[in-house]
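Same chain, two partners: chain A is paired with chain B first, then with chain C.
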Partner chain A sequence: MNFFLTLVLTGVSVGSVYALIATGLNLSFWTTRTLNFGQGSIMMLCSFGFAFMVTNRVSLPVAIGVCFVVSALIGVVVERLTVRPALKRGGGSMGWVVSTLGLGILIQGLAAKFFGSQAVAFPEILFSVRDSVRIAGVAFSLQYAVVIAITLTVILSLELFLRHSRLGHAVRAVSEDAEFARVQGIPVDLIVVSSFVASSLLAALAGLLAAQIGGTVDSSFGFDLVLLGFVAGVLGGMGSSAGALFGGIALGIITKLVGGYISTAAEHGIAFALLMLILALLPNGFFGRNEVRRA
Partner chain B sequence: MDRITYLASAAVVGMLAVWNPAAFAQSAGPVKLGLSAALTGPFNEFGEGIKRGAEIAIEEWNAAGGVLGRKVELAEVLDDQLIPDRAVQNMRRILDNQDIVAIVAPGPSGPTLAVVGMVVADGRPFCNSQAQTPTIVHPDGPDKPPHPNVFSVAMSISSEAEKLGTAVSAKYNNIGIISESTSYGKLGAELIRKSVLGIKPNATVTAETYNQRAQDMTAQLVRLQRAGAEVIVFVGLGADATVLRKTMTRLEIALPLYGSSGLVNVAFMEGVGDLAVGVRATNATTFGQKPFPAKTQAFLDRYRAKFGNDRWYGADTENPLISMAPLVTGAYDCVNVLLSGIKRAGSTEPKAVVRAIEDTKDMPGLLVPSIAFSPKNHSAFSPSDLAIYEVKKRGDKLALDVIEK
Partner chain C sequence: MKIRQDSIATAVGLLAVATVFAAAGWLRPGTVQLVTFVLIAIVLAQSINVLTGLAGEISLGHAGLFGIGAYVSGILARGGALDPLLAIILGAVGGGAIGLMLSYPAGRVREVYLAMMTLGFGMVFYEVIREWQDMTGGVMGLSNVPSVVLKNLSLLGVRIDGGDYLRFVVVIAAALLLILRNVSQSKLGRSMVAVQANAVAAASMGISPAGTKRLAYGISGVVAGLAGALYAHLVGYLGPDSFGLPRSIEVLVISIVGGLGSITGQVLSAIAFTVLPERLQAFAEYQFIVYGLILACTLVLMPKGIAGLLLPAPRFIRSGSKRRADIATKGAGEAAPWFLERPASSSVAVRVDNVTVRFGGLVAVDNVSLQIMPGRITGLIGPNGSGKSTLVNVISGVYRCTSGAVHFGPRLISGLSDVNIARLGLIRTFQDPRLVPSFTVRENLLLGRSRLWKHSAIAAMLGLPAATDDEGAALRAAEAVLQQTGLTDVADRPVETLPYGSMRLAELGRAIMACPDVLLLDEPAAGLSEPEVARLSEILRWLKTGGVTVLLIDHHMDFIAGLVDEVFVLDSGRIIFSGEIEQMRKDPDVVAAYLGSEELEHA
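Our next item is the complex of A and B:
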């Protein structure tokens, strides 16, 4: 029982990070039907920069503030310089895939140049690695608990914002039909760029939480996590907050159970094969919906 | 064809047969060496370490008048970022440069294995300072002939596995191994298993793998815990060891942790802080002797004068980082092996240099205290050149002490 519970609790914790990343990807998907594949570099830049600042005696709140401001600015750059020009060309252009990835690789290269290429220690922000509670006799790290709590809070807040605020309704209107929303006087451009800013902020937050778990960060940090976040988003249904949460946690639990009961070498291989099977049966994921496009 | 024409033709053919463009091109200018290594990218600690060690060795040779009366030059220094394909491209460029007379191998096993075939086909002497896979030098096993022109001073994983296997089998009956899922990691795990079972046939050995940069190792640890492991042996690099140590702490798994030399690098020591205390790992004896032997101290002084207390040396002047041994001093030894071979051969002709290197006996080194090769053995490092270190807390600093030679 302890064996199973340990794997499930860890799966939920690890999956919460995937869910947070998937939620960040959803934000830009809502407004532009695009994904920022450079999210991993934003995660890396924030956590790497944070570690660098704290090592150089910058206080934690200031370092976190700087990380978020820089990440927000990158969100603006992503929308203005990579996604918007690609979408303007229309015709179902997939240019944004290359340009968001390209910007991510550029950020990675710059980070390696300025911070160095080696892994550096990441400080503990919330709780120590030794802090834990016992759940049914199993030690459960408070660092993991924080990740779950923050993910749930963010996703719940986002859902409340979308459903019960005027601005949230405006975002949904843009998501449904941007041109019609523009005719209605909704500041579509502002909402679109804001979605990229919010998406980048979530990536930054996910980066800080994941780096604290691992304990080190380097310039390659984040790329694998974004891939898993993307898979979580697709599994749950791209564009759905509940789907991101479900997909992330399901992916986390499946990989841990496969690793624990079948083989750690096949942890990702078997888990991904299972996901392919699920997606073959449910192409829009568990919470996705079919889209009807105008001719 | 008359007799004179025939003899003249035969003489030309004969001259062409013995003529070596590398030796010819090198007859006047500096003696040129080449290397490809990870100078940038996430693994540049390996390549930059090689470059720094090689530079110091070359400076020493040049200060002493060079070799064969000529200056020594690191003529081709190419960046492969530890990517095997790029290492192959770089090595092609190096081998196409007929001025290069000897080559220092890329860092770890991936790129070195990728280039070794082309280097063997070329025939110029090649020295490995970091890659731990034994087949780089002895492709068919340690008892079989080595590649003719490939030499190694690197800590081999077989030596480390033997040392670790001996150490843990002396104290424990149920041993858990966690290794990275690379060929290096899998080979290391297998060799440790063989070493343990060779000493203690009734021991239980359970092995698990992880992917590099994994963010969590819960599944691996709970499987070892369920198998009843009394000790964990880690084969991998420090950043991943940080994840392992932190996951052990979160799961309250208080088993002793042993590991290969990659375990106790800077990323691990900084990443886990005091959690490193008690961790044991193999490493070269190089920095385990205090006070340092004169040759080691002289190298350290030169290093610090040239590069300062950098990331390779560490902040503590009296206690340089132990990871310097495999990362930097191996390349220093390699350059000395290659240039000593050229000096003793009295030529840069590859076969003569290779023969001279095979005659190397009791040559003082840093990573390998006494370097020796033979036609049958091209690997200088042996388990006796390893010690087991333990991380201890001294004041507010973490330090590594030799606990077993």
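Our next item is the complex of A and C:
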């Protein structure tokens, strides 16, 4: 029973990172119906760069600041140089899938060149691995608790912002019909760029949190995490905040249970099986809206 | 001209095969191995070309399909359990089966979801072969696969050395290229490109987008699996790191640089990307960075790759079929409109009963009932936003109605998919012409034939006489339609180079190619010049003589008035008038809907 509870709590924590990644993917999905396939490289660059700076005695706030500024800039680059030209050219999703993936691989390749391809230890910034509280008789790592708290706060504030601020309404208008929003005088281009910046910032945050839980980072870090974030998004319904949260946490719990009771090697396999199953049976996820096929 | 291009490509190909075949005996072993690697890369690149170049679906996990072929064949042939030749075949089958599995949700989800599926598949495959030690040898790899390197390969009991294996691979690769050329220049390849260009338009001709994508994934899987199996028996050792994400990226890069859609471009690019890292140390060192740059830029800056720079655009009709059509036409003299004098049906052609369509709170079509009588031209008019196009979309199955029923002859069709409705013979056109822009007029016309093909997919792949004859017949029909639409002179020009009016006529021609029982035309005269409108009227009369039932939606009053037997007027989603056009002009409701009679006279 204790083992089970430990797995579930770990699952919720890991799953909340997946939810954060899915929310990041949602942001660009809302405004442009695109996903950044290179999102993982932002997570990698941020956590790798952070670890590099901290081990070289850069102070924590400065390191975090640099990470977020760089990620935001990459967000602008993703939108300007890969997504926008591809959308302009038309021809379906092929263009931007390939170009965003390409930019991601480029960043990954450069990072491997600069930082080396060895894994490095990620500094403990939020408590240490040994700090824990006892919940119903099991030790629960404070790192995990903080990760859950940060994720919930971010997703909740994002949702409140979208529902109750003028800018949030503008984002939703762009999501419904970008051309109509443009005619209404909404600065569509600015909102689209901002959505990619926000998406990259969420990826950066998710990268830092995932690295904190995982303990190490290397240059290939992030690629499989984005896939898990995508599974979380599809599970809940792509484009839904509540869905991302539900999907992420459900996925986290399921993979940890499978890992604990069957084999840790099967964790990713089960996530992928889940993806296939959901796409085949319930393509709009549990919270997604039915996307009407337009003639 | 086109025949010459095809012949040149075939001649160069045959010469290359003959050279490799002859040289295999005396080349240095290192060179033999490099050439074999190049051939395997060519096969693998073709696999992406079918999926991405033709069908427009991206695979980010092709190393997984490649790996399935390699491991299936390697494991089965190890220790003499199975003849390597049989193992290679099963490896290809395995790749195809997984390809089909990946495409299962096709048609129900956004295409990008399938791309993500392939990425996930690639990653999971990599982990499975690392962890499943009993079967795959785990991270230590699978050694001792019967192979050229280990000098223990025999096919059907005959001992094979490096040179022999190169000959074996070059023959397989050549045969495969021929088959894939047939795929590309047949109903299969054309359907894939049509689905890539516009899935709704493809469905309106009876091409199933989901089925077409599945076929592309299946073929691509078989070809990738074959490449993997050939690789396994070349190197003799399989380790997980040969089948990870970097390999998937590499294949994608090769294919995109070669030029998506061009078989020859793939060949050139595969040669370059296999030989270059061997010869240039610097290239190997910066490989990943270069690949990233290429992927980020190529589709935007140079979307057609090497092929776009060096080669003529690929064409999608076999020269053999064309010759067949030419010979038959000369023999028979003037090609007759093949569908004239059909038996006139006495029942109602299309019956719409109490159809209502709601989008959220908006009622676009409100309890509409109408009957389209067979063999007549029925008009449907109404102001903008009155629900005309929505009604067409409901009849043709693009939208589902909220309530009500639509019958086509005796058959209930509301609830059927747009693909199935088109296959029954109810064909529609769109307000904006939805042709395949890169196709010639002739190629676009052949798409209209989709519901009538008699030959199997296998016949098309192998270029059997059944396929050539069927294509020949379709090309003769296309000739007649070209004449009727006045497009004969531009028949072999890509439609993207044609003026708007010609595109519209080509789209109508494509619908006629389907031999429709009922034709729904959504504003066919919009944007046409005076002579083109005259041509359109002529075509519609020709169709009426042929017994085709037409529903004509338009604003163009003079054009409609001269053609239709009966007219329905829609306003705010309701039918406000039905009857003859003369009475319509006097009807007060209609006049009010159009804001005064002036518009009716001159619109």
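As a working rule, the second predicted complex is superposed on the first by the 276 of 295 C-alpha atoms of A that agree within 3 Å, B and C clash if a C-alpha of one lies under 4 Å from a C-alpha of the other, contacts with A are read in each partner's own complex, and residues count from 1 in each chain.
We take it that a residue touches a chain if its C-beta (ideal position, glycine included) is under 8 Å from a C-beta of that chain, and two chains touch if they have at least 3 such contacts.
Predicted model only: the values in this text are computed from it and were never measured.
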| item | value |
| --- | --- |
| Touched partner set for A:114, first chain B, second chain C, both or neither | neither |
| Contacts of A:265 with chain B and chain C, given as first, second, both or neither | both |
| First, second, both or neither for A:95, with chain B first and chain C second | second |
| Touched chain A residues, chain B compared with chain C | C |
| Which of chain B and chain C A:283 touches, first, second, both or neither | second |
| Partner chain in contact with A:214 - chain B first, chain C second, else both or neither | first |
| Touching partner for A:180 - first (chain B), second (chain C), both, neither | neither |
| Touched partner set for A:143, first chain B, second chain C, both or neither | first |
| Residues on chain A lying within both footprints (that of chain B and that of chain C) | 112, 224, 265, 268 |
| List of chain C residues in touch with chain A within their complex | 52, 56, 58, 60, 101, 104-105, 108-113, 115-117, 119-121, 123-124, 127-128, 130-131, 196, 200, 245, 249, 252, 256, 286, 288-289, 291-300, 303, 359, 389, 393, 398-399, 430 |
| Sites on chain A touched by chain C in the complex | 34-35, 37, 81-82, 85-86, 89, 91-95, 97-99, 101-110, 112-113, 223-224, 227, 230-231, 234, 263, 265, 268-269, 271-272, 275-276, 279-280, 283, 291-295 |
| Contacting residues of chain B [partner chain A, same complex] | 40-45, 181, 208-211, 213, 215-216, 218-220, 222-223, 226, 238-239, 242-243, 245-246, 249-252, 266-267, 270-273, 275, 311 |
| In the complex with chain B, residue positions of chain A that touch it | 3, 6-7, 10, 14, 17, 112, 116-122, 129-130, 132, 139, 141, 143-144, 210, 213-216, 218-221, 224-225, 256, 259-260, 264-265, 267-268 |
